[in-house]
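Going in written order, the chains are labelled A, B and C, and every chain counts its residues from 1.
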Amino acid sequence: MLGWASTMSETALHPDRLLPAWQPALAIARELYESVADLPIVSPHGHTDPAWFAENEPFANATSLLLTPDHYLLRMLASRGISYDALGVPKKDGSPVAGPRDAWRVFAANIHLFDGTPSRLWLDHSLSWAFGIEEPLSSDNGDAVYDTINARLGEPDLRPLAVLERANVEAIATTEYALDPLEHHRKLKRHGLIGRIRTTYRPDDVTDPDVPGFAGNIAKLAEMTGEDTEKWPGLIEAHRKRRAAFREMGAVATDHGVASAVTADLAERDRQKLLDGALAGTLTPVEAEQFRGQMLTEMAVLSAEDGMVMQIHAGSKRNTDSSLMATRGANLGADIPVPTNYVDGLQPLLARHGNTPGFRLIMFTLDETVYGRELAPMAGYWPALMIGPPWWFFDSSNGIRRYLDAVVETAGFFNLAGFNDDTRALLSIPARHDVWRREICRFLACLVAEHRLSKASAEELAGFMSYQAARDAYRL
Amino acid sequence: MLGWASTMSETALHPDRLLPAWQPALAIARELYESVADLPIVSPHGHTDPAWFAENEPFANATSLLLTPDHYLLRMLASRGISYDALGVPKKDGSPVAGPRDAWRVFAANIHLFDGTPSRLWLDHSLSWAFGIEEPLSSDNGDAVYDTINARLGEPDLRPLAVLERANVEAIATTEYALDPLEHHRKLKRHGLIGRIRTTYRPDDVTDPDVPGFAGNIAKLAEMTGEDTEKWPGLIEAHRKRRAAFREMGAVATDHGVASAVTADLAERDRQKLLDGALAGTLTPVEAEQFRGQMLTEMAVLSAEDGMVMQIHAGSKRNTDSSLMATRGANLGADIPVPTNYVDGLQPLLARHGNTPGFRLIMFTLDETVYGRELAPMAGYWPALMIGPPWWFFDSSNGIRRYLDAVVETAGFFNLAGFNDDTRALLSIPARHDVWRREICRFLACLVAEHRLSKASAEELAGFMSYQAARDAYRL
Amino acid sequence: MLGWASTMSETALHPDRLLPAWQPALAIARELYESVADLPIVSPHGHTDPAWFAENEPFANATSLLLTPDHYLLRMLASRGISYDALGVPKKDGSPVAGPRDAWRVFAANIHLFDGTPSRLWLDHSLSWAFGIEEPLSSDNGDAVYDTINARLGEPDLRPLAVLERANVEAIATTEYALDPLEHHRKLKRHGLIGRIRTTYRPDDVTDPDVPGFAGNIAKLAEMTGEDTEKWPGLIEAHRKRRAAFREMGAVATDHGVASAVTADLAERDRQKLLDGALAGTLTPVEAEQFRGQMLTEMAVLSAEDGMVMQIHAGSKRNTDSSLMATRGANLGADIPVPTNYVDGLQPLLARHGNTPGFRLIMFTLDETVYGRELAPMAGYWPALMIGPPWWFFDSSNGIRRYLDAVVETAGFFNLAGFNDDTRALLSIPARHDVWRREICRFLACLVAEHRLSKASAEELAGFMSYQAARDAYRL
């Protein structure tokens, strides 16, 4: 192995990073970026842990803060033959794994693997922003960086709520399952923090019959709501109640993680039959998809009623490595995108509520081929539809460029839902929003430089896409 | 809502618009563009109304000229919750909708929705080119612009034929169904205008068994041609006669709008069976697709015989909003692209005529993933195949860039069919050809700037792609 | 037809060709390119003829060297109506075709068809590099160029081994079927040339039941190895022996050309049943795919055992023009890409060996939509997986740009297998590696110019991607 230089020293956090590297576009982009760099952050979809904000305890160490919860980092290291043991990822059976300092050393020694990836940009930004560390992480300084971070973590300005404050986060949404008791949010409510921090209703635990323990979950839902959830009307009524409970904890949106965008609009009798099969565990894969599809339509019906914005995150094949799933669990990097078909998939739902005033559905995909072929033409016609920002692997500079290239001409800017960071990593929030804002300014600056958009419009759109679009889309 | 500036005042119709915004590519592109900007327009595929040219009456008002017939505009406004009523789109039941001035006001007040879209470029170009209106449309000037346009519409240079003359349109094709009596074209023929204005044979009304009234159409075709169209040989003979009749009205091409590119080459007996089923209305969806596929192959056989250039526009799922279809009809914005498979689809047709000298088939798609994977490799092998320009949602600056990026390296320039505007909006014709020419010059200039193409070749190719390629492809 | 200028005279082999045409990226790219331009060539996958190197005879003439074996050239000329007869491509029935000089004239007269294509770049580079011909080929100089080439071909520095030497080829792999006796490689071994020249184990002749003569091939495999290849364990043992024999001739890799990436991991009994059906010629298309899929998994098992790197080239629909196949044979331009699904396809194989230390599988595709959606996420997780360079139609400047754009952010640089030229055309080897290196330097320079990567990292990555990555990936 060569001695990889892998240093960003000349470039880490250059003020012009990501902006067009030629004139006159650079000058225009700089001006646009300056006008949006300090806008508040609105993050209406994400996976931060509400316990952080409810408890507001300091983070334990650099590894548990920055490495172990970040599946982007874990997966890339694993792909080069580094074991999850060496990265300190706990095992279900409790057998020992590397300690945090050793795991950090492995990370630091392999930092070159992230050259050219968004992870590298986010990390450099986080280290600088939160810890004042400007020297890029490397084998040489790994231990020193680890110690610096750990020393700083106890300080008040690095507690979770202080981080939100410092990052100028106006609103952030967490994501909880339907059966979640929302205890942390209750505490946040007592502290007057609902509004800045909000939950999101993600009922996959009771809408996906392939979830382990599905029948038990449906029973639990009955307990929580006092409804007969083994009957379809009772099941829907139970959702209605849980949605209301989530709204009390600030929820403005629901979210649905599904492998495909298939929806259904079946007769009452057929729905009950599916529910019976789901409870009995006898559904075929096609029937299970129908069940999920019917539930999506039911969620649309409820959204049309209660005004919660519906989100569909379609197209992730989860847990493709069964050995990893068996030994350590989910969300560690083995989820892989699959093709999605939104145009056929959403047809039943749209026939029902595509034109219903007040109903809104934001679509996310991991299949970039649907940006131009499906999402933009659909959002550019149906009043109900908006396009979410690029998701997961595509929440990156080039990913954002391909997205804007593919959607804006057909859907315009005003059918886009702005940005959300979708992150589990607290410190990456300012970094991710910064990348989005830079890319938006880059895109607009190129339009201006090519005389396709006036400077004045670009200025308004830069602010809109950086901040207001997310507020509008999620009705904040 | 912010007070959207949405003004192109600094930039509308900048002489360098769309050209590369950096040197030396800009200088090269400017020189190329100057050499092609004033070439005549050849538009061998489109949907202008032949009655305009046959009657040569003035247009009624700004709204019926520019807004109501433009599904790009209607769909985008609808997507933001503006009703088709408010846009003045007539209802089948005749119930009242907004008048033209009110509809125009709604349009002007929402013009910001088109920032970054090709519609905006086309509109600005049309207003300047036809009416001398250089100030961008806005809420503020909406009424004044409306009045200016209406005042000008009565003048002789804005009659349809004068528009063709002023736009330097050398040849334009309209599109008529097989059963169309071609009355307007007859009148045009009497005026010596066939040649500049031509029809195109689009027999979807008698080749698609899913068309409402299909059996009646087949009966009507029998009447028109004196053939027994309930028997396969008679049906083909009837097509042969209609094709000849269309050729007398200048037709050089046929066109086929199909959801998939599936073709078939069945035994005589199986064809008759499909026809029987189509007439009886008993075909399954798979059989209906087979019928359409067989008809495509028959059209290829006839094209090999009579030299008419065949066009396939595949991949639009029509009328996805059944409520819009029921209340107002087709072509109003609810058609959405679907994936297309040209490589398997065309196999039977190509086995028959892929190598037949004189047979030519031009392929169009709404699925950009097939540009590089299917269309370019296929056109770069089969003598019969050419690739049409980017279609519909992709007839835009970025759409053209992605197209050229994906097809030229594999198919070269000489398997491309040049440009056609495919428009229903007369005044957008010069605008659309101008965008194509600018993008061609941009692409060539970048190749020259990267030393991948000589300046001399770029000059020849700029002219070829702007004008001669369409003439050659359609044998004009 | 216009008199196409089609001259690259101003630009052929400009020192900055393909590099970014704007500053400061150009200056950075130049510096990076200078540091890698003269690195040795490592080409671990390709289709050069081992007889060339074993016999080291001079090539016969310009046409048989440059035109007739190059399906990129043949197909494009054919697509514009030029017959394979006129191009001198032999017919199976031995009937006469054009002689080499006449074929060359046709080629020269149509050289403009290759404007904007990689073929043009490769040809210009080859003519300059091998023959000192700087004037671009044209109608005018076609005969003179032909004579110049022929005159030079007899000189010692244009013999095959001298070409390798002059091109600084450190290692090149040929590709042989399992039943190949490897005679040429034996001769090379006697001359001490194994190492610089290596074979590759491509057992499609005994793993694809759709290959004509499959049962006979299996019988021949039994003869060569002394194993009972009609029984599954014997068949596998026979592969084990052939792989060892290939390794003695320098093989470090296997290669598998399959239409889909489907793999299987069936029970022993089911495997034998498939083998029985394959030998009897009774497999359905689905069963034949299962057989191929099972064989891929078996190859993975053997690779995990013997360390040979496995390659899958998936997604070419072969011989789509049956008339060409019947009259002249395969590999002449009628192979067309089809969609590929790697994520579902590889699941059984990965469940078996995705995490096995030492097992490595390099994936190639002709479906660019899988770069970002499947290949990069998969290679960025599974230790076993790497992504091969852009293949066939996509081994071009824009093809490489789209590839790097789509894969690097998710898979990083270190899950990429560097470059291989995959060529049948000896003289195109330096040209193709040069294009790759220029594009790598362009990509890195743009990252540096946008402050996304340090200059020092870019310098290391330029060398790595140009040379070391291929060595590492193939364990050379």
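In this section, a residue touches a chain if its C-beta (ideal position, glycine included) is under 8 Å from a C-beta of that chain, and two chains touch if they have at least 3 such contacts.
Everything numeric in this text was worked out from a predicted model, so none of it was measured.
> According to the touch definition, list the chains common to the neighbour sets of chain A and chain B.
Looking at chain B and chain A together, the chains touching each of them are C.
> For chain B versus chain C, which are copies of one sequence, does the interface use mostly the same residue numbers on each side, meaning over half shared, or is it different?
Different: when the shared numbers are divided by all numbers used, the fraction is under half.
> Where the CA atoms of chain B average out and where those of chain C average out, how many Å apart are those spots?
Using C-alpha averages as centres, the distance is 39 Å.
> Would you pick out the residues of chain A that each touch at least 2 other chains?
22, 369
> For the complex, which residues does chain C have touching chain B?
That would be residues 2, 4-12, 14, 16-22, 75-76, 78-81, 112-118, 121, 136, 317, 320-323, 333-334, 336-339, 366-369, 393-394, 396-399, 402 of chain C.
> Write out the stretch or stretches of chain C touching chain A in their complex.
That would be residues 22-25, 341, 343-344, 347, 350-351, 354-355, 357, 369, 372-374, 376-383, 385, 405-406, 408-415, 446-457, 459-461, 464, 468 of chain C.
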